[in-house]
Amino acid sequence: MHVFKYLALLLLICLTLSFSTALAAPAPSAKDKCPVCGMFVGKYPDWVAGVTFKDSTALYFDGAKDLFTYYHNIKKYSPLKNQAAISAITVNDYYSLKPVDARQALFVLGSDVYGPMGKELVPFGKEADAQAFLRDHKGRKVLRFNDVTPAILKSME
Amino acid sequence: MIQHPAILALTIASLMTGLMLIYAGWYGTWILDKWDLHSGSELQLNLERRTYLISVILSYALLFQIASLFLYIFTADNLHSQFTGAMCAAGSLGVNSFGYPVLILKILNCLLAGVWLIINHVDTRGYDYPLIKAKYGLLNVLVPLVLLEVVFQFVYFFNLKADVITSCCGSLFSTDKHSIAGEIAGLPSGPMQAAFFGIMAATVVCGMVFFLKKRGGYLFAALSALTFLVSSAALVSFICLYFYELPSHHCPFCILQKEYHYIGYALYATLLGGTVSGLGVGVLMPFSTCSSLSGVIPNIQRRLAATTLIMYLLFTLIVVWRMLSTSFTLG
Amino acid sequence: MILLTNVTKTYNTGKHNQFTAVDDVSLTVEAGRLTILKGPSGSGKTTLMALIGCMARPSSGRIQLHNIRTSFFTGADSRAPLDITSLPERFLTEIRRTTFGFIFQQFNLVKGISALENVMLPAYPTGESQGAFRRRALELMELFAVARHAASPVEWLSGGELQRVAIARALINNPAIVIADEPTAHLDSKLSREFMEMVGTLKAGGKTVLIASHDPLVYDSELADTVIGMRDGRITGLSGLS
Amino acid sequence: MSTPLNRHSNILDFALSSLLRRKSKNFSLLVVYTLIVFVIASLIFFVQALKREAAQILKEAPDMVVQRMVAGRHDLIPVAYGEQISAIRGVTAVSPRLWGYYYDQVFGANYTLLVPEKNLLEPGSIMIGPGVARNQRIQAGDMLALKTSRNIPLLLTVQDLYPSSSELISSDLIVLSAEDFQTMFNLPAGQVTDLAVTVANPREQVTVAAKIAELFPDTRPILKSEMLRTYDSLFEWRGGMIVVVLAVAVLSFIIFAWDKATGLSAEERKEIGILKSIGWETSDVLLLKFWEGIVVSLTAFLVGVVLAYGHVFFFSAALFEHALKGWSVIYPQFKLTPVIDVYQLTVLFFLTVLPYTAATIIPAWLSATVPPDAAMRS
């Protein structure tokens, strides 16, 4: 019965809390699929990364790794697009889960935190957060957007 | 081991099938050894009675086998959320090295059991049971394979551990991977489409000729088998892409999911059904000269050929419908 | 015509209770005639009839049927004699179903179902549509004057009525040969005479009839064309036309 | 026209009439079979529905609750702890919570008193769960008297009732204002029952919990994921025990089915002998047995599933509640949301129909291979 008691308490807090939880971020719909791996992105909202094009179409990925895989080989996945057509790239900050500009973000490589696709580049908006995460989660390296090369992606397979 | 009712159900089903087949196989070898139709001895009468039992067991075993093949795939798909990195059955099957062998064995056993039942059906129409040796010879091949499947499936389930990191179908069926799956995924879609529609057309034409003129049975059977292989490769290489509307997702398992309206089950069922009856035509060819079966085999072969044609045409129809109805285009 | 050559049937071969029920019997049953097997109980009549009626296979010897049509014997000339000696049960059953009609000593009717259903039973596995053989069954019951009992369970019927239902059942698949095993054993003299009259009707209708009996009312009947005497599994005498 | 389809329909006809003819024997088999299907189906439906319900509840629960422990017992926690906790990376918010238990001597029931995080209620008014309302026979607008820790009665007005849809968790609840809570229990200043911590990324919860435990060694962080696991394993464990019971049940059922099928009565044996003698072939009898089996299986399966569905979703699994959910005076009379899952039905089919079918094959064959001349020689 203890479990139920806790649940009871937890829920009631929420009954009152749930009015304030609507924090809108550009979210993928249930039908959006990661163009790299085909996974339905909506199932793993925490890891979502997005690319918005100048024609205001958008693509979503289930992690920074697939985003970079795409970014380095746009020809393969969207033959009609290229890097120049991109207007914005966003990733979710690991701690806040809020979208940040990927080109300004930092990525921790080799940590013990796995994404839906296994090894992942964990994104952060702030340098200090990235460093703290690196310590907490046995990360290997903090990378900037341009440091993530196809060779690094290869090493993560 | 993950506790899941479906795993329990599959294990029970496979154990039952295994036990039933051991029993059937045991009497099968006995029949191979002692069969003498001209004798009216009690042993012979006893053996003849056993053949009924073995037919019944094999019919049920095939039903169980087909059901368990699909339940197995469905369960693997259902369990993917338990493993990091998996997004469909492909990932769950890759959790340990037994997942895929079990799947291949299940498909193979379904095909073999189907062919066995076709031979059995024909054999019981000939008053001198002319196929008895062939039939029980094949049974001796089938039984060890089913037992192997039972063991492998048990080992696979037993070693399933949650939170294992496995690879997703996206990387498994990636065109950059140097594996069989990767190679198949990497087959160029243009030539593959040509090959798929070519072989389908050839099989259909050959099937029509066989149906109308009763010629080219071996060729038709060989083409049906080839169609199975080519279609499987085509599924990975380009057909899936139309269902996913993604130019690089080659996974043959994701189409089994709810998001794709379980269309994969229809595709695989028609493909398997067509192949079994197509193979049946070929297997019966050497026996069509048998005097006691000369009136029986041609009719059954025609019916089998018609089944194959219908199944394969349905398969092609689903594929073509999807290719035409989606706005997605390749390349 | 049915031809038996040196037919032997041994039970429990190799065991201590081995016994030979039919021992080296050769005989001919003419088409369209009434043949009667006469002999005390245990003389092998029933076993011989089971062998002829494709219910069992002989241990040795040959049994041939002439003028038989089967679905499986399509390749060969259908007028050639058919050797049933080594046919598997599956095919023997088909011949039995299409060629023979059986009347048993105890009538062997299934309790709990109606007389009509009992008459229809042999036709169920033939794949004929139920409507067709239901009509035929009713006609046969009409012919043997038991139509008014069609819907009654067989437990309600008298001995004579049971006999008639059993005959109707034997005829449902329109067999060429009717086999009856001690058909009068449970009937009084009046009913036995009635039975023989019905046999006369069958014979007149062109059926071959084979009866095993030790009832003088049967084997002394003037309808009998051939009477074969049996004892201890062997033929002891032959009388009548042949 | 002679067709295989006619043969099937004729034999199916006879199978039905045979089944009806032996009502008593087949009825007992059908009852046992249906019962087995019913129990297994109820169990699968129930556990799945509870898991779904639990997941639904936990979806909106706080990510973590921090409690202070004194001498191994849950104690009040200083609000000041919250400030340091909210400085930890990954923590989005920390909110203090007030709650406790109240034993009503008159009605002999235990209530949970809770202060909502935002002050939704004026002092003097409360909201209650349906269990409390039933127990005290009060409604919205009525008054409820509680005894404070100083033994003074406190009169409170029921402002509203929680809907019975949330009964599983809100049944014994009284929600009141912070002021009334203070009057009731007279807590020391700056102390609350526990702290609810929000961690945006669920993957970070464990790390945050470790940091909290390091920062305040006298606290115990309880994770949502941990709770989910406890919850799951609770059902897994109980489910596992029931699987053993079920395995035994299925096994004994197989033996029962086997026994029923092999223990052919003399009557039935004679009947099959008659059928064989008048021209039924072994495979015809096997087909007859097959159709009998199908009719029995499908009837039992359908009836069992429908009964189980009603039992779980309309009668709240009345037969299991004590075994699976624990016990309380104000027992929640909750309703589970009805869901039909084809996958579960397939699994159920595998667990019940397949063993039965397999168990009847050999007995069916044994009865079908009576020699055709047996009826003649009897």
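The first chain written gets the first letter, and so on, giving A, B, C and D; residue counts start at 1 in each chain.
Keep this in mind: a contact is a pair of C-beta atoms (placed from the backbone, for glycine too) under 8 Å apart; a residue touches a chain by one contact, two chains touch by 3 or more.
Here the structure is a predicted model, which is why all the values come from computation and not from measurement.
Hopping across touching chains, the smallest step count from subunit A to subunit C is 2. Here B is the chain whose Cα centre lies closest to the centre of all protein Cα atoms. If you compare B-C with B-D, the chain pair joined by more contacting C-beta pairs is B-D. Taking the mean of the C-alpha atoms as each chain's centre, subunit B and subunit C sit 48 Å apart.
Chain geometry summary: the mean Cα position of subunit A and that of subunit D are 36 Å apart.
Per-chain CA centroids place subunit A at a distance of 40 Å from subunit B. Shown for subunit B are the residues in touch with two or more other chains, namely 45, 49, 124. Touching two or more other chains at once are residues 89-90 of subunit C. Counting partner chains per residue, subunit D has residues 282-283, 371 touching two or more of them. Interchain contacts give a graph that is no line, ring or star and is not complete, per the touch definition above. Listing the residues of subunit B that touch subunit A in their complex gives 84-85, 87, 165-171, 244-249, 251, 254, 259, 331.
Residue ranges on subunit D touching subunit A, taken from their complex, read 54, 57-58, 60-62, 65, 89-90, 92, 95, 97, 99, 112, 114, 116-118, 120, 166, 168-170, 172-173, 175, 196, 200-204, 207, 222, 224, 227, 230-231, 234, 325-328. By the touch criterion given at the top, residues 44, 236, 239-240, 243, 282-283, 286, 343-344, 346-348, 350-351, 354-355, 357-358, 361-362, 364-365, 368-369, 371 of subunit D touch subunit B in their complex.
Put simply, subunit A touches subunit B in their complex at residues 31, 33-40, 76-79, 114, 116-118, 157. Residue ranges on subunit D touching subunit C, taken from their complex, read 1-7, 9-11, 13-14, 17, 21, 267, 271, 273-275, 277-284, 287, 371-373, 375-378.
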